[in-house]
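One chain, chain A, links the two complexes that follow: it is found with chain B in the first and with chain C in the second.
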Partner chain A sequence: MFGIRRFRPAGGQAVTAILFLVPALLVLVAFRLWPAALSVAGSFQHNGEWVGLDNYIFLFQSDTAVQSLIVTLIYNVIINPVQIAIAFALALLLVDKIVAPSVWRSLLLIPVGIPLAVSSVVWGIAFRPDDGAINAILMALGFPAQPWLTSPDQALLAIMILVSWVGVGYWAFFLTAGLKDIPSSLLEAARIDGATYWQALRYIVIPLMKRPLAFVLVANTVSNFLLFPPIRILTAGGPSGSTNLIMHEVFLNAFTYDDQGLASAEMVILIAVLLLVVSLQFRFLRDR
Partner chain B sequence: MLLGGGNSPGRAIVVNLTLAVVILAFMAPIVWMVTSSLRPNEEIFRYLSPLSVRAILPEEWTLENYRLLFESAFRRALINSLIVAGLTVAIGLILNAMAAYALSVLRFKLRELVFTLVVISFLIPFEGVAIPLSFLARSWDLQNTYAGLVLPGVANGLSIFLLRQFFLSIPVELREAARVDGAGWWTIFWRIYLPLSRPALIGSGLILFMFQWQAYLWPLLIASDSSMDLAPVALGKQLGQFDFEFGQMFAGSVAVSLIPALILFPLRRFLEQTIKSTGGKE
Partner chain C sequence: MKPLAKVSSVTLVALGALSFAGVASAQTVLQFVGPEQPSAMEPVIAAFEAAHPDIQVEYESVPFNDLNNIIQARLSDGGTTPDIYTADQPRIAALVDRGLLADLSDQADGLTGVMWPAAVEASSIDGQLYAMPISTSSQLLYYNIDLLEAAGIPLPSMDPEGRMTWEALAEAGAAAQAEGAQYGVVLDQINRYYQLQPLMESAGGGSGVSPNDPLVPDLVNDGWLRAMTYYHDLFDSGLGPRGVPVEQTPDLFANGQTAFFVGGPWWLPRMTGTDGLRFGIAPHPYFDGGEVVTPTGAWSWGVNPNSEHLEEAVTFVSFASTDPVGSLETARGFPIPPANMAVFDTYYSEGQEVEGVGELILHELTETARIRPPTRGYIQFEQILGQAFEDIRNGADPATALEQAQSQLERAWSRL
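Then we have the complex of A and B:
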């Protein structure tokens, strides 16, 4: 060991290391860091000229931009807890005494293997108000047909249903891994002491699941804040801006209205809000 | 795992039944998608109202939708998707493995710091920089090129992380023996580390593949020419047009979904290991 180190001085490895790292670092700089830096710089520019905070001021006075931010927040406040709660319930079922657990778990992973754009297309057809499958099922169960994506009141809900269908099985998959790590001796002891299902859940399982839950919640929040394909494919932000999540609003500013400065400023706001929410989630789940 | 005292057969029935209903509901859209792709166009909506079991059970089974689909422009989009995903995996594995090798095997100052920075910067979600990057990529003349579609997907922090973990588990004695025999660092990388790392390479390859196969925003931004469309973008575009055929739409959806499933299924145990090793419970 020592002989080898003396034989090959460590200084030589630094050069080799740089050579091995260069390709990945180049891609990292060119396709991640440089555009991120340009985006921040670009948010203070209009058509290449420095305009200070004008873009930001314009955005906070623009009804469309403010509505988009509000829609994004409403969407996230609802969908993230709901998805994680369903995923957690599903995970609890999957680690219970069930027949063929691996089959069920594999089936639940199918939706996330399908590209979101494809799921959006299929659900888009299913949500059609006149001849869609969802309304067919509702009517067969005795409920009236709903307008879904064509109504400002229901379009966001329809997007939430579609996105949850995609994600819930995936997050349940992560959570089952966490649940399996809980020592069965703990649950055994609780059972001997006469703890009910809900008591064992509340006082043993949930406290021990804080880390996996935090991980899943944060990962889910990030992907939901950046959601784009179903909006672009199904609603284009409408009706009346009711599904105009920020990613789509940034896209519109960048490519339909060709205003890069405005798009950059909006992207910076989105990332700032996202970082704030994620750090709050981490703090919240750590403290309790 | 069993919570609380309930261990009765009645409870087991309730649990299994609940799960069965939930899973059935989850599978329904997929069953509908698959059967609709295998029936004539005019049958697709016929049995929805009033709803009958025929809605997912074609009277007439046919591959006509697939035949028409593969004669249309969609075939090109599907081939593009395969090319882009394939190139991304091939280039990405080499790039990421090289970086992981430097960050696990080679000794240099600040190695841990570089590692942390690399992984954190790659964990920035790509969507966050995609739109500003697209302005930049145009100035580099990457629009409507395979390079433009492939490059943003090749380097991946998760993939570097996984490969590094695996490289760290390879015994130091192996490379020391090779060094004594006069092997260079590249030879050790290529002849010892890569061949020993098959499971980690497969896991990383799957991550890279899924990233590109799922991609929608970036291909939409960088490929304005429809001959460079990727399959998910091509499908999405069709839904917006007036004269599209539902049967072909479903057939396209099945094709785009089936390809990753066919690739994932034989490799699922590697994916499971991969997900577990990144599942935030280290």
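Then we have the complex of A and C:
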């Protein structure tokens, strides 16, 4: 009672609330808003001088930068739905269709525990066209050897395979938690009413999974838009720019060429595209 | 004075005295960042600390591929550490342009007649010295005796006069492949400019940078096309491997899969230490009818101009580079040849794994070595060419890839 009375004065309550929020707000400003503002300001500068939109004009006239943006979009349009679909299917299996689900869950999580840089190196060796493990398996099964990372047509696919090897198990883990939250009484009622497995999935499970799916889709999209280690380690953006995701371009400009203006402008474009995509995703997956 | 105040003032005085004692006995700590393994640095650091008990050197090893990015990130905003770092010689112009290297010209007097002239040239910009030359490099042709004998190929001579041409090398490699070698010809730094510059230079294409203007690329010419067509065919025919990164190429020779390997002398200990590998050494190849050119250049050690211990840092790099004791200790730990000529003889008589290699490297360094172009746009040059080389290796048309690289480079250099 004492506490409630003490916080009752309107002004005092607001002050207390603000005091509690200050640490979080400071962190938010120092580590999010301030760097973002610096980045936006930096995107209008070159070597410390104000150049207006020159950096943006340079980027949109540059084949490399435009190709990088296109590759990033293609990569994301394919990988996000595919990863989520596979992760969702795995989660369904893990929840009720498999023996010893905890063993499978652990196995699926092992790739997540390996640093992406390490898995990239190992996958890079497996993808070697002449003596890699993957071609050895393909050939043993009677398929022709593939060029993988050395072909402009297959390198992005190879990167997607590597990234999905890590990502699918991770996202399936979140979706499993979501599936377990669905009241079993609903599914039992549906079964009693004569609904098939697919009908229950379509009309009960998927609608109830919208929130976990929205989280997983958004988080996955963000991580895929910002993907960097396998590109840096395995392809450096090649062959012929086919895996030149925009984060690699940003890295090159910022840390290899020391062109902070271009790097900032690319980062601003990337964040703008990402915000647009994520807001669309939220819109489609909103609870109605 | 109140008792509490008295106690605190006494404490303050005591603390002050303590911290003074601390300062008096404290050493200057120099931070040093480079790509070598810490064990390679131990001899020179130990010798330096013995000679300068008041200075301590802390070495931090970073991966070769990340060195330049790390230096860039740590120094570009006026960072005071590392005090000393390894400067890749062709990047010195760009580092100087960005104000990341202290001028060491007052140390330059000690270098004449002591260092390989190419190493000094590669560490200087407009006649000013910006880093102390530490090592130099060259490339050799390694061959697998068993694979060559199996194919009836005569073993190449070590004599520079009997140097193989690139054309003959490809033929011999193909012959060895027909008799069981997995690869005919493998290049050490398989897609890097350092390794490939001699091909273009030997084919008469020049360095790729216009001799008249260090910020004008010159990649679209007959020499470059000849060299890059050869390079393209090397992989298109399966003589060399696709998809194998630089770090994994020496394995292909060490494990007996490869007939010919063009690689640095730093692989000699590895190859001589490999059981069952019988190999020989020959001079670096050249193009038929072209000039003989071999790669060179390696590391210099530079000082951060914003270092808080500038004087001590300069003392250290000079010790490691020119001091008779220091330079020998540097060379002792290093896997690549020293830039210091006085040390070179000792280095090769002590550690020579293959008879005659010291003389061969000496010949290349004095007669055929060519440094990479000293342009302040070298970073863009190396990066864009690296991608073009990798594309050509993976099957892209050489002429198209070179034209693309030329226009990318023109755009990138327009930013400088």
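Throughout what follows, the second predicted complex is superposed on the first by the 252 of 288 C-alpha atoms of A that agree within 3 Å, B and C clash if a C-alpha of one lies under 4 Å from a C-alpha of the other, contacts with A are read in each partner's own complex, and residues count from 1 in each chain.
As a convention for this text, a contact is a pair of C-beta atoms (placed from the backbone, for glycine too) under 8 Å apart; a residue touches a chain by one contact, two chains touch by 3 or more.
Owing to the predicted nature of the structure, the values given are computational and were not obtained by experimental measurement.
Student: Answer with clash or fit: chain B and chain C placed together on chain A by superposition.
Tutor: clash
Student: Output check: A:G132 vs chain B and chain C. Expected answer is one of first, second, both, neither. What do you get?
Tutor: A:G132 contacts both chain B and chain C.
Student: Which holds for A:V27: it touches chain B only (first), chain C only (second), both, or neither?
Tutor: first
Student: More residues of chain A in touch with chain C or with chain B?
Tutor: Partner with more touched residues of chain A: B.
Student: Using the superposition on chain A described above, determine whether A:G237 touches chain B (first), chain C (second), both, or neither.
Tutor: second
Student: Applying the document's definition of touch, where does A:K97 land relative to chain B and chain C: first, second, both, or neither?
Tutor: first
Student: For A:G124, select first, second, both or neither according to whether it touches chain B, chain C, the two together, or no partner.
Tutor: both
Student: List the residues of chain A that touch chain B in one complex and chain C in the other.
Tutor: The answer is residues 124-125, 131-132, 234, 251, 255 of chain A.
Student: Which of the residues in chain B come into contact with chain A in the complex?
Tutor: For chain B paired with chain A, touching residues are 1-6, 12, 15-16, 18-19, 22-23, 26-27, 29-30, 32-33, 45, 48-51, 55, 95-96, 98-99, 101-103, 106-109, 111, 114, 118, 121-122, 124-129, 131-136, 151-152, 154-155, 160, 176, 179-180, 185, 189, 210, 213-217, 220-221, 231-233, 235-236, 238-240, 246, 249-250, 252-253, 256-257, 260-261, 264, 268, 275-276, 279-281.
Student: Quick one: in the complex, what on chain A touches chain B?
Tutor: 1, 4, 8, 10, 13-14, 16-18, 20-21, 23-25, 27-28, 30-36, 38-39, 42, 90, 92-99, 104, 106-108, 110-111, 113-126, 131-133, 135-137, 139-140, 165, 169, 173-174, 177-182, 184, 187, 190-191, 194-201, 204-205, 211-212, 214-216, 222-223, 226, 228-229, 232-234, 247, 250-251, 254-255, 260, 263-264, 267, 270-271
Student: Of all residues in chain C, which touch chain A in the complex?
Tutor: Touching chain A from chain C are residues 68-69, 72-73, 76, 98, 182, 241-245, 248, 379-380, 383, 386-387, 390-391, 393-396, 408, 411-412, 415.
Student: Give every residue of chain A touching chain C within the complex, in rising order.
Tutor: Checking each residue of chain A against chain C gives 46, 58, 62-64, 124-125, 127-132, 147-152, 234, 236-241, 251-252, 255-259, 262.
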